[in-house]
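Next, two complexes with subunit A in common: one pairs it with subunit B, the other with subunit C.
Let's look at the complex of A and B:
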């Protein structure tokens, strides 16, 4: 469980580290890749509210990521909406879709829950695939403009500059992270963890377990939608892959590789994963093969080592959740 | 499109053929799920491997029936190897890692298929003697598809007999129900796991091999099939053979019928059917175990 009464140092250290990394990262990798890292970090941390905190292995987070991306993309293309409107719209559609889908999925436990989230992911994938006129189908939705960050006629930040867009994304990431941190440390977050630890007991105490699982699902969906908006503007296109189940699998992998027992763990997972896949995709068109091999090798042979290394790296004076949710 | 009786019957039969294939996939997956408690993300690529093995074997031996008999055995071996070499190591560390392993394997096999057989789809004509249509009175229907219907029915019957009428089948069913108890009774549960994984993979391999003359092959056929198996299992209930058959047929026929009136929605409708059934019956259609 989260240890109470943390020191000033352990509380703010991760944020300081993140601040330093955010500033330095675009000097080491291309700004576009650095931007993708923070976008997926939002997704992975949001997913970890489900897996790490509530014990729900949702295998369909790209549903909300994709819906947010498509919604924002369409609004930006057809209505040239304000940046904040697009961010809000994507978040909203993520929330609403997660509310509806979650309502059905949380009816089932364990394995069935996984299968259902996955199946709904596919439902929305095929809708996006078939609804050519709206989504561009297989070719993706091109021509998404980056709305400038402006108030009236005053332009605060010209987002067509890669660095400016990078820092906007990083700012949204930090705000989301703070919000999610606040949620998991609130009484609500404690209930999530109680459900993870012992669902039957949480129910016996009087908590409506299904309702709280649903709330966790909706929260994760909202942040995933928000991440989708940032993704749609990044390359000016919403590729069909955005909503594919493999993207959902990637998010699960990021969280697990980074460590689901730690609030900040999935951020490392996202960074490693994006960096690895970007490096591999430059080398070889069949890079998912190497990615798959990396999965298998890590899972079979470096499981302990990788996690231990992360624990050492991140365990220093930092709060620790109970490692593993099960 | 004009809706006439023969088109309707033809599509209905198509739906039954597809549904039987779905049912076999669902039964295989459900066996694996029941034993391992993980969604086997490699189940779809096992289906694709069955199809590609048949294609290549046919090119070598030039006999469809020999290829059809051998190709699924290759998939069976791969399935057992996955369990023996990979999943077995992960029982102590939990399902999250097993999930990742099967996900990684799915990626590997998918990419291997593209590397070995190329990214472009292939097709194959039905074996000699089954190319023509068979006159059913109102509609003439391809003989090969009738054969698929019959063979899948026989195999499912065989699996049912194996699971319900043999001692080993009873052990597998007991393993689905309660692993610890089976282990406590002195049965080598590890070996049961390997064999069950093999059996489930074999069923996926047959389904893949059988579908080749009907739909042809594409590298993504496995990834397309995977979510459908998941829906079949979620609807039919874990460890329930009859549940998988009912769910498979419902989805196959529903998909086929929608083809007549609104072709682009035929895949979306699978998931819509699933959502509706689960809203009405959250426990699924039939199921031994409520998870």
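Let's look at the complex of A and C:
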């Protein structure tokens, strides 16, 4: 919002909290899981630019996540490219794929838009599934090496160490988050929100609504591709699931659980989702049932997701603390 | 000089001819009203001009440039601003932001400008303050639009149109749903606007139209049945017929 100047406190508090969590998280969960959390946080926040800011329910974000992962995986396996090259390549393929697919999807509104994104997701899934030679098909693409973080012959960080890879991922996450924050707070982000609020009016003012939807789609695709690169190197394999529609669904779920009305909400959603799925799936095979219940609760009572729940709790706490409010 | 001109403009919805061979001429600097009973095709005519609907036949010219078939988002580039019959704002935005988004389009929408920090566009904020002051909503700048009274929302609607610095304003029933007091306020405001803008206005309320307009066009069943000054329209027999006999 342009008119509401943010206070220093509310502006930097989330970043401070994130910094603390990033440092402490690997002591509570396995570094690999902690890494997955930040990877999916990138995906979920990027998706929220579409759903929360522009009002576009894209049900196919794993298309770009998967393409980024496969592209980086193949480059790393066959050409042993530099770390930055792989990150750049994954982002680029996400951008290009989203540019092409988005061009078609944004022609339709509502449910038809949702189904088109889903259809393209399926299309790319089956390409990955069938093209055994290139992608390894059902078995996934194995043997993706982690490129070291090096400049010339100087190696800054040996990424084969789980902790080092974790911190690289966290750093990429923070940079992506800052970039996306910049975007949603710029006039471009205002235009996205205007489209969400009232598409016809935004058009009547003179904005080319389709073009701006497309821009949002491309931005989200780029960040999803970037997240895919980090994922491909994490376990040294690109599983076919990476590009499966269920992954797209997970991303939607994370954003909704976390809260799409808030920039940071989807991060909480991603963390909760990954953490729950990791800890619950070991002890209970039917754990997705929990997710279903959580989803119903969110839709019925907390449309703003965890962020809204937190804000309400915070509000209640503040009430209690106020003098004379017995 | 004629700012807007339509030539045998026609819109059919199946069997229904909503706008039937309408030749409308709006002269620069005038306040021109289109009146007519419900279903006369007034709003359809507006939607044709602003590109929301595509005409079945006929032509539209703005400053003698043909704009027939232009898409809605292209029309504002010509300097045509519109307000809507049903309040059409960005409900969750603040009043300020509602207008800001329109002012930004006019001032600096292209290219990387959209990625510069919002605060680096002081000229936009200036324009917003100007537009809000013009409609008298300056004190409500930080209130959310959905929390404004209906009358204030109607004014905001006009402020959004003004923020784009138009040459030509299309106002679709600006007084719809307003109380008599609010209507009076809106009329005064439109009178003020008419000194600076060419305005085409759709209105139901006769008293509003008669006291404001330089010229009135009366539509009935899609066609123009009369045109002239308020005095001429008041004396016109076919208009009286349409209004008294046309009510259902």
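By our rule, the second predicted complex is superposed on the first by the 282 of 326 C-alpha atoms of A that agree within 3 Å, B and C clash if a C-alpha of one lies under 4 Å from a C-alpha of the other, contacts with A are read in each partner's own complex, and residues count from 1 in each chain.
The rule is simple: a contact is a pair of C-beta atoms (placed from the backbone, for glycine too) under 8 Å apart; a residue touches a chain by one contact, two chains touch by 3 or more.
Bear in mind that the values here come from a model prediction, so they are computed numbers and not experimental data.
Participant: If you stack the two complexes on chain A, which partner ends up touching A:256: first (subunit B), second (subunit C), both, or neither?
Facilitator: first
Participant: Looking at A:186, would you say it contacts subunit B, subunit C, both, or neither? Reply first, second, both or neither.
Facilitator: second
Participant: Once the structures are superposed on A, label A:38 by its partner contacts, choosing first (subunit B), second (subunit C), both or neither.
Facilitator: neither
Participant: For A:202, using the defined touch cut-off, is the partner it touches subunit B, subunit C, both, or neither? Pick first, second, both or neither.
Facilitator: In the superposition, A:202 contacts subunit C only.
Participant: Identify the partner contact of A:65: answer first if only subunit B is touched, second if only subunit C is, both if each is, neither if none is.
Facilitator: The answer is neither, since A:65 touches no partner chain.
Participant: For subunit A, which side has the bigger count of touched residues, subunit B or subunit C?
Facilitator: B
Participant: Touch check for A:264: first (subunit B), second (subunit C), both, or neither?
Facilitator: Neither partner.
Participant: I'd like to know which partner A:288 touches here: subunit B for first, subunit C for second, both or neither.
Facilitator: first
Participant: Go through subunit A and flag every residue that touches subunit B in one model and subunit C in the other.
Facilitator: Residues common to the subunit A contacts of subunit C and of subunit B do not exist here, since the sets are disjoint.
Participant: List the residues on subunit A that touch subunit B in their complex, please.
Facilitator: 51, 57, 59, 104, 107-112, 114-116, 118-123, 126-127, 130, 245-246, 249, 252-253, 256, 260, 286, 288-289, 291-296, 298-300, 303, 324, 326
Participant: Using the touch definition up top, name the residues of subunit C that touch subunit A in the complex.
Facilitator: Within the complex, subunit C contacts subunit A at residues 50, 52, 72-77, 82, 84, 88-94, 96-97, 100-102, 104-106, 108-109, 113-119, 121, 125, 141-142, 160, 164.
Participant: Could you please specify the touching residues of subunit A with respect to subunit C in the complex?
Facilitator: 1-4, 182-183, 185-188, 190-191, 193-194, 197-198, 200-209
Participant: So in the complex, which bits of subunit B are touching subunit A?
Facilitator: 33, 37-39, 41, 86, 89-90, 93-97, 99-101, 103-108, 110-112, 114-115, 223, 227, 230-231, 233-234, 238, 264-265, 267-268, 271-272, 274-275, 278-279, 282, 284, 291
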